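As written, the chain order gives the labels A, B, C and D, with residue 1 at the start of each chain.
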């Protein structure tokens, strides 16, 4: 069980994310890598990032690794350069979409792929047993600064994407994050008419909270409408997330964005294999089937692991909430590259963003959190599973990451214990709003009953 | 009579603005400076600017001057650094607000003040007689790159301006010029909510023609309204111009912007002397008188010359169309610094931009061009002057740059032969629209009559 | 009593000098400085220096200080830039003349003066009580890289020193330290004919051990003779030491170098006050008296403290073993600047290095170490002091740092307990070799007797 | 017939080598390259180099080529980077071994090979007909600065060469040229004990004239002896020449250096084809035959042309006076790489430099210049050829670049009209000194007679 690493790297407030921890982490990673070779480091613009990166670098060097520092770059540029330099690994200091007072990091291998839980587990082992050791004075690593990392990434993206032929107005909202100097420039060079908001780099995130959720983008959505933009694009602090707003100022649900890219890539490559997580919408199944691809589901936050485990599976896309890994481009989620592809398609399709997304079915969803003490989580889930297996109209039940029951009408419910809080999480998707309401009601009742039963069993 | 230099530096298409010319210019300037000392060079983002800057630099070095290259910076940052480095002179390669296929340059002295016609004349002398000579091999100048020029300028501005305390929404339109990385960042750091359009650096000016005229800013004005910004700010390609759009999306006339800064500075410093050009509005007279300052008029394009000629005149502001020289800050027109001051005042005043400018009187103006062959210009103007001197209701007549007749009701007409085209230019300002129409009609008639008379006299 | 800081900063093997310690040090120093302001950092070329500097920087930033990183520079350039930038403090990661497997650091105040024991004591307090605390996320310091630090220092030195007019052949031995790119270039630009050995930067010190002792410079001395150089110059790893070799290949004793600079500066400035340490030669007294200056002695390693304590004392020079602080230039020992001055004088004097140093008296000296357990040190020293005070022919006795007895014939003996080893140190200087031998013999006997007596008293 | 380009590029005093010429050259080269693509530029340290490089760059950019500027680098590093970047061409501004008041340039193709006469001819065509034209404003090239060019080159060399195992003392004399920061560092990193003289970069060449001729290296040879170095290495200003001094301080003739590398490479690669010029020693034939290679002679200054003409010839070495092209490494003469190979072999062979070169036969040579007016050169040479063809003991006569007659005893005489002066040049090599004297005497007589006869024939 991982203690430091969560769904995506390590993250938290500065009480937890200290220079001391990052130095230990650097030493541990160096030991994990055999106390030699190059590690790329980079950071987002948070006020604490440079201090933490220095601690991390010191640990890496003391552990025998050379450090190649990219400076302030968005996550996709960092992953791209890590791969291009053929480095052994890459670490980016970033709090992602957390509030500005937090920070954290994410580890990537030499191909630009985020570390798998297995790798993170081994790394944590080194951190906790503190058996890492500094290398002999002769083998301490050196440090070099890599200039032009962003420029190289921008050029690489531009080499792949066609210039737009019609006028496309794009509103870009970079959350004052590290994409501020990247996404607007790429879109401008592609020939778009670019408007920006929150797009000067500022680690205090003065414009809006960095998470590109519908709540945080109300203003941005309104702006899209007001200026009659063809599309709105929003990132988080390190640009590992992409939110899309259509030309009518409506926030496109993340599941629809995923389904859209599944369609785009399957059409482009004439089919292929898609990996998604257990919590994504049935619309992905529908789209993949329609275009003639194959779909595989796996645990949340770990779609990229399948890439490592099944190197011959012809996977063209790994997608899960907020992550789009287009394997022809790279093994990292790349919202900037995805934006460029989206704009290219918009231009080519000659239709509007809302028309483009009209082809993606849009089923209503609901997320519910129900309180449940940690000790009751397991028995409750067991009881729920038993109960659900007896239900009628059930097409299938998946149990590898919580329980997801798929009904014959393509509605579904996912019930998972929260990993961080005393809660049971319920995700519902209904083919109609009415069906959704019914499922939500029924699921809450199911969970309540199971908790009560579990409590009784225990006492 | 100057052949290369116009109202502001040298400018034109690449047929005229060649690397060969710029090399000769570099050699001439070096000779003018005594074949030693440092010259700062910089450029805007036009596609031809770097090539021209290299030619210029080569000439300067061959002529014995050391070259300190700032790279791509907005004009005010260039002038600021020239002064701070205590260089002998500064040259910026820029086509200013001309279309992207043009280019040019502007010369500044060691205090950051644009060269006067007298200095330009001496420099042209060297260029045309080609008597400049390369220095001995031992004295050829070297070249250094100045990093962080923009950062130093930004910090200097921020040291002078207070952070805003209320939320001020600003739309910035940088014409894809060199202020794209400067004005939005300064405003953001001052605490404004910044929106941008046309603000990634691109020397082809894909967003709009670089001149910030009302016609080129229709779209930007509409945007200010649409997004309900508190103020809109627009620059040209090298950020030596500032256009202001009020919170209702209305383009503020340049004369009102000038009067506004006269008021602002006179109030701040408790009076002082203001220099303006012959073609600016009576509203400047009114504002200056009201706040208790003194006003002086001079030839168009040359208000800064008075600074050199009258060093003890306590001049606090030189202003003429598109140029605001706040002498407490520096001897160059600085639209970026002016923007910061404007935002600071907006915050402090607690009122809206339109309310702020309501205090500046706004008389209607009209500009008329009447055809007139070059040979007839002088006799025509002489005849007009004679005729006007006989008119009634005339308060005063100025004749140092065309003829401006000021009426007792504060309306005025300026009649000038064009310096570049076969035309007579007529500027009218009336205290009412009706009065303006009458003056315009009467002036056209006056010009026509004079031309006819001049023609007859000649034949 | 200081635990980490020794005679000059902190130093030791990597067992003791860890990234963890340096991070704590950074945090402590930041706290000491009030958790704000800029600190300059730099390092020598040791393999572990960059890793340690990153740890130190991380601590400083986490503690609220901005870090300005100079990179790899010799100590005098670092001190010079610290002063020029008006920083709050400067820290250089350096093992000075220790072997390559060691490392350490030295702290300087904003004037480029090394921290005094009092300052070091307060700093150690913070380190040991660990009460320093990281600042709030908003106040974490940032980091900037300072380009051209060495170039600025070189130019500053060259502005002070006249070019040589005759051919002066100099052999420079930089111990492969950070002066490798500095001292040879300055001498070359001054017009000297420069030969180098061990002058490519290499932190493993392949050429010779970095301490410029006579033993380590045998080869360099021979080279001076072989190539008939006019003078030989040798540094240690961070160029805070200067050894001089005369034109006959003879190592000039450090005391004579100090006396030489006392003479040079007193003559230049027409007198003044000189501060030296208790362990330097009588030849300094002689020289100072002859040229008409005044001399003051203080504790070893702390001559610069007098500068802080007596700001009005017109001190022109602080000198002690291996340190020459020329206060007209700066408040740090500067062997590079001293080299330039030496060469300038050599040129001006029209005589050879050996003739130049002939004017400095050269009395024979001897250093003896006698074993003595730590607990016996204090009583032994007390007994010695008592005994010496009864001796005949004694001119004076100084007791502020060990006991130094000065005889009427100007010979002297200094007896000090070692600060780091179970030893008593005896320094003798005799006006003749015979007198020296007699003093050495007599001192050993004195120490032995005192130890015996102390041992008996205890039991 | 080439007018600007000589044996190696363009060279001359600043009367001839002007910024205007270099701008035209840049425009012409860009036109020659099709007005697009990247050109690498670099320069030596002469005072006029930066000014000339700016003019050249301006021309290249105006002609549509992007400029990648390496700054100040030795020629081999420039050629290496040109190849590695896959640029279209490279131009280095350098006066090579000419005096400091001169300058010039050399052109290289995208493989790092110097332009052939054919290419230079086409380029001169463009320069003289001035039909080159600046490109449209949209296509003007941009300019980028390439950091770390030297570091990349140094690392590439070090990857090929083994570290030395025994102590090898090397004296390096870089003529204050651009190798000053390169050759000593490479040797030091290879483990040699490095001494330097004239090794701080200074374009005024204060140490010695940059040509590494025996006369200019007398002092350096003496130094090698004095410090008992194992080998001495000397370069010219841009490090395209290598002079070797053996451990006894003796200047190794250039022909022996060439023969040495022929031997080294033929042994390493087990044979191969060697190209040399008409004026090199018979010792090369002897060595090549002994080791089992094949030898081909061609015109002076153009051995690299054969590489282009015979791509399948398995050429392992092109060598001619002062140029060693090791084709396994690159297509440019690389004295720095050659130095590293020499030191590697010296270490491996366990013998001294003088022993190493003892294996190369060393026949005495003489060079004689005889006055001859330009108009008489051709008839004189014709008469000499006729006369020589009648001589006895002649093994062969070569006539493709002057006339070289090879005698049966392996002695030879080469008679060529000078390309730049009113002289006939006579090169003689004898198998003994006596034979040499006889050949010299006889050749002078032959030339004199022929001139007289030619004179008579004309009148």
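Couple of notes before you dig in:
What we mean here is this: contacts are C-beta pairs under 8 Å (C-beta built on N, C-alpha and C of every residue); 3 or more make two chains touch, one makes a residue touch a chain.
Not measured: the values here are computed from a predicted model.
Touching subunit C and subunit D together: no chain. Per-chain CA centroids place subunit B at a distance of 58 Å from subunit C.
Here the CA centre of subunit B is 56 Å from the CA centre of subunit D. If you average the CA atoms of subunit A and of subunit B, the two centres end up 49 Å from each other. Residue positions of subunit D with contacts to 2 or more other chains are absent.
If each chain is drawn as a node and touching chains are joined, the picture is one closed loop, every chain linked to exactly two others. Here the chains touching each other pair up as A-B, A-C, B-D, C-D.
The part of subunit D that touches subunit C in the complex is made up of residues 176, 184-185, 188-189, 191, 193-200, 202, 206-207, 223, 226-228.
Against subunit B, the residues of subunit D that register as touching in their complex are 14, 18-20, 22-23, 46-48, 50-52, 54-55, 57-59, 61-62, 100-101, 103, 134, 137-143, 145, 204.
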